[in-house]
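There are structures below to look over.
Heads up, the next two complexes both have chain A, just with different partners, chain B and then chain C.
Then we have the complex of A and B:
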């Protein structure tokens, strides 16, 4: 767009002006840009990129954080592949993706399907409420849900009140229920985001598309698959990327709600990395887990984006 | 075809249910906080006789005055500095072309999906070597780095949306690139900047892992979420109402700002998300 403007300008002015205009035109390479980028790049490079590179470097060492480290090549990675706790951590993350990503996206789409039949008045209020969980610090979220899941907390009281008292249990202390309970926290945090994302997207779908579908005799279900879902593809992709990354990170809630327990049933990679680095003093090993986690996140984000961009061409 | 009454009723019922679901856990901890330990709270815990004593106890025992102050200092510095830096990077990427610009912008984009968990280990050891472990700097510097990635992306989108003719006209009048930025574009950038500041402040305020790793050793530098985590670990078994009160103290500043600026928050998170 910028080059168009420069070309227009050039055709309307004299030769001398043209040369000057072109020299200053935004379409030309401008070294002054570096002046504006360098300060930001410096912080980003020094405190984000450089530490990441340093993590990769550390992952090739056997180091306790105090004495001199030993270069052991891929030793940490080999150990990680054989470590049952690493495998469990990633398996737990995969299970959390169901709760953090799949469930909220499915819920969001279902609601959007119901809601797009007509405009929603007072959406601002609902939007504000639905988005609230996104604003709350993970530590606070953990405290709130520790109470909700507590032995005498609201969830168990509710179950007892409706005659399902036999299901009541201390959810976060239960070996088979702790992980799904943590997942429930993730669903709570992300479903509003998905809903608002999809509903906002759906409200901007031209009404003529729906009219056309209805003239063709499409019911609610076909209307959803023929009109709403295709129009929301970008939003769905974004929601998947965001929520999947959240599921793989999820350190704050785990650390504060379960500390990985009971036993190791809610260990996730970031938590196990933290334990290795700052509790067991296995710094190199922790770095290797961090690298594997980063690679997993980039790979998953890459896959989602690749699949969605291929859909664009088709 | 207009929606039937039944459809409308279903819509609002469903929306209301999900809105309550989003709010309830937050309210439940507020209700719990308005009790005292001797109430032996169970279940929904509607506070029939609200009491502030848990808040008072949490405030003094958990030293949350210090925690909130630390959080505020760190979040304010990170917000202001990253806003200024992002204004620069966004301006360059949004209005200028230079060698390697696409490649470099891609590097910044990486910082948005990037798990910063992978950087805390070297940050801890490097900051130890620099002697800034357990200082505000150890929290401020890395969070500026992380925020600049999103800020660059966000401000670039804003600068690309400004009419190029505006910039052209100012340039023809002989304005320097800095003059164009400050006199022509900055006045229009205020809403975009406000959104960016609201988001960066919130993310920084809520941050936990960096605080846990980098300032655990110094009680006077601990942020409010870190203080809450320690306080909960020490007190929860004895008196959950105090932990609830402390949680409310930590969340309240952000929730209050959110209620006033909700449009900015939501716009930032949605637009940032979709364009990403």
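Then we have the complex of A and C:
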């Protein structure tokens, strides 16, 4: 990625003084490009790559975080693969992807379709209001939803008021419903981000396309699938990648709303990793879980990007 | 990709590798100076004015409802008045934020001079093993602290230097208040249900039948026991009194301290787990107990929900401020052994950092906040029980506080403080919290739980043998 930028930078510069720099092939980057990318590379290396490498290194040790560690090779990874809580955590994360990624993207598309077809007064206000959840700290979000989901909270009160009292339950304390309830919080947080991305994309769709569709007699649904959705493909891919990463990294909401409970029904990898690193004094094992989680995130993001790029060619 | 581009890529990769390698520091934890020094020689007990300007940083998690926070603040202000050259910064954090951070804070060298830890393998064993705190034996001798607690109570502060044997070796902490899991009673409701607050059950069986009787009399929406277990420690606390009706307190303490041959997986303990499961099955609790936080349930009880609330005596003031004269305190009564017992011990252990420049001054502060009559008076004002056995009596004319104090003494005098079950291993808190939730929901059996908990214990026990 960094080198691409360097190549572009270099080629722009070299275009001007091609005559003097005969030794370089046309478009060949000059070494001065390194100066431009050095600060970024340094920061990236220091604050992203070095900690990542350190985490990988720690994952080969049995270390309590304080006293001298012991090298145990792949021991932590072998244990993690055998640990039912690791497996459960990843399974829960997979379920959360539905709530953190699929639903918000679907909701964001629906809202975009409505808002672009029927511009409403105070559009900017609604856009800001719907985006707001994204800007609130996770701890605050969790506290608010703990209240909403409480036995006497607004959600249950509403259900009882409309005669659906049999559905009312202490959502976050229910073995079957705690994970979907946490997922619901994720949907609420994320759909605003998707919507803002999609609306920004939709604004660059030429009005002539819509006019053409209408002339051809397309209705709202047809218009959406024929014009809006194809034009938003890149935004949808970006939204999927971002929200999937969010789903797999989710920690603050779980930590504050359920602490992994009831039982272990809302354990997710990042929560289990935190318990190991800071509570069980097993930093090496936590590092191994972190590495597995990172690999999972890379793989999923890679799959999303690969699938979407294949679509480009076909 | 042409040859030049690949050369650039190679340079980039090299730079990145060098930076990344800088992040790797060889064997973790092997850098020198992670621990400090242990003070020796005669203990300085006074004359700290001559030290020149001193800044002490103290960390505490006793800041709930409002707990000991006002006590500690006032005592520290007094201490500063006595020694005008001493400046104290009190930092309050919630329990988890403190214990999960303090080992690394102490190791960094810029952590607190004095801090609370937590008894057990999760926190204190780590602090001892990494030499982050100092043994207090010279101060115990110099100030005569030894008469504060019974030997079995002192054992919760004792560790061998390597942090593996719990209950033996030097003493590393002292604590301010006594902790006991009380049964708080709403006497108004109790009377309405036909029971006499001055004639409460004296055996576990009687107590159990009373709960069943109340369940049949109360409307379905009203819990017999108001319960908050969102965090998972509510169950650990509540179970102690039930467990003690079947299982000997000494066996429980031995198990927590990893005395060889100890086990949780016994027929008696399984009976206790079954009795507890029956409470949930019989519907004694509010249905949202897994969603409700511990402190929220205390607040609900204080507002009049439920006949009983079981929780720490450190929460006495919130109950009293809600129920006033309708609040009373008992313990879960004993089983056939007749021994009054339950989960309990002393409050968070105060430790002196091995990196502080003023260990003797720190010890003087500890002596002041625990042993001085003004400290004990302030603790009673916050409905907290001073830990020393030779503490002053609670103020007359406060029957509720007297009951709280008596409840603690009843258990302490019977050698029935069973300590906290989760001290038994670093992972035990999580294992207990999730298994109790599964047990109460009927998703696992008492046998399953006893076995899972014992497996956790044995897995950790093996690491202690290495």
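Here is the rule we go by: the second predicted complex is superposed on the first by the 263 of 314 C-alpha atoms of A that agree within 3 Å, B and C clash if a C-alpha of one lies under 4 Å from a C-alpha of the other, contacts with A are read in each partner's own complex, and residues count from 1 in each chain.
Convention: a residue touches a chain if its C-beta (ideal position, glycine included) is under 8 Å from a C-beta of that chain, and two chains touch if they have at least 3 such contacts.
Here the structure is a predicted model, which is why all the values come from computation and not from measurement.
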| item | value |
| --- | --- |
| First (chain B), second (chain C), both or neither touched by A:134 | first |
| Partner chain(s) touched by A:188 [first = chain B, second = chain C, both, neither] | first |
| Which superposed partner A:54 touches (first chain B, second chain C, both, neither) | both |
| Partner chain(s) touched by A:66 [first = chain B, second = chain C, both, neither] | second |
| Partner chain(s) touched by A:106 [first = chain B, second = chain C, both, neither] | neither |
| In the superposition, chain B vs chain C on chain A residues touched | B |
| Which of chain B and chain C A:164 touches, first, second, both or neither | neither |
| Which of chain B and chain C A:264 touches, first, second, both or neither | second |
| Which superposed partner A:278 touches (first chain B, second chain C, both, neither) | both |
| A:46 touches, of chain B and chain C: first, second, both or neither? | both |
| Residues of chain A contacting chain B in one complex and chain C in the other | 2, 6, 25, 28-29, 34, 41, 45-46, 49-52, 54, 58, 65, 146, 150, 278, 283 |
| Chain C - residues contacting chain A, complex | 4-5, 8-9, 11-12, 15-16, 19-25, 27-30, 34, 100-101, 103-104, 107, 122, 126, 129-130, 132, 230-232, 286-292, 426-427, 429-430, 433-435, 437-438, 441, 443 |
| Chain B to chain A touching residues, read off their complex | 1-3, 7-8, 10-11, 14-16, 18-23, 25-26, 28-29, 32, 41-45, 81-82, 85-86, 88-89, 91-93, 95-99, 101, 104, 107-108, 111, 113-126, 141-142, 144-146, 148-149, 151-152, 164-165, 167-168, 171-172, 177, 181, 202, 205-206, 208-209, 212-213, 225-226, 228-229, 232, 236, 240, 243-244, 246-247, 250-251, 254-255, 258-259, 262-263, 265-266, 269-270, 273-274, 276 |
| Partner chain C, residues of chain A touching it in the complex | 2-3, 6-7, 25, 28-29, 34, 41-42, 45-46, 49-54, 57-58, 61, 63-69, 71, 146, 149-151, 169-175, 258-264, 275, 278-284 |
| Residues of chain A defined as touching chain B within the complex | 1-2, 5-6, 9, 21, 24-37, 39-41, 43-52, 54-55, 58, 65, 111, 114-115, 117-118, 120, 124-141, 143-148, 150, 152-154, 156-158, 161, 188, 191-193, 195-197, 200-201, 214, 234-235, 238-239, 241-242, 245, 248-249, 251-252, 255-256, 270, 273-274, 277-278, 283, 286-287, 290-291, 293-294, 297-298, 301 |
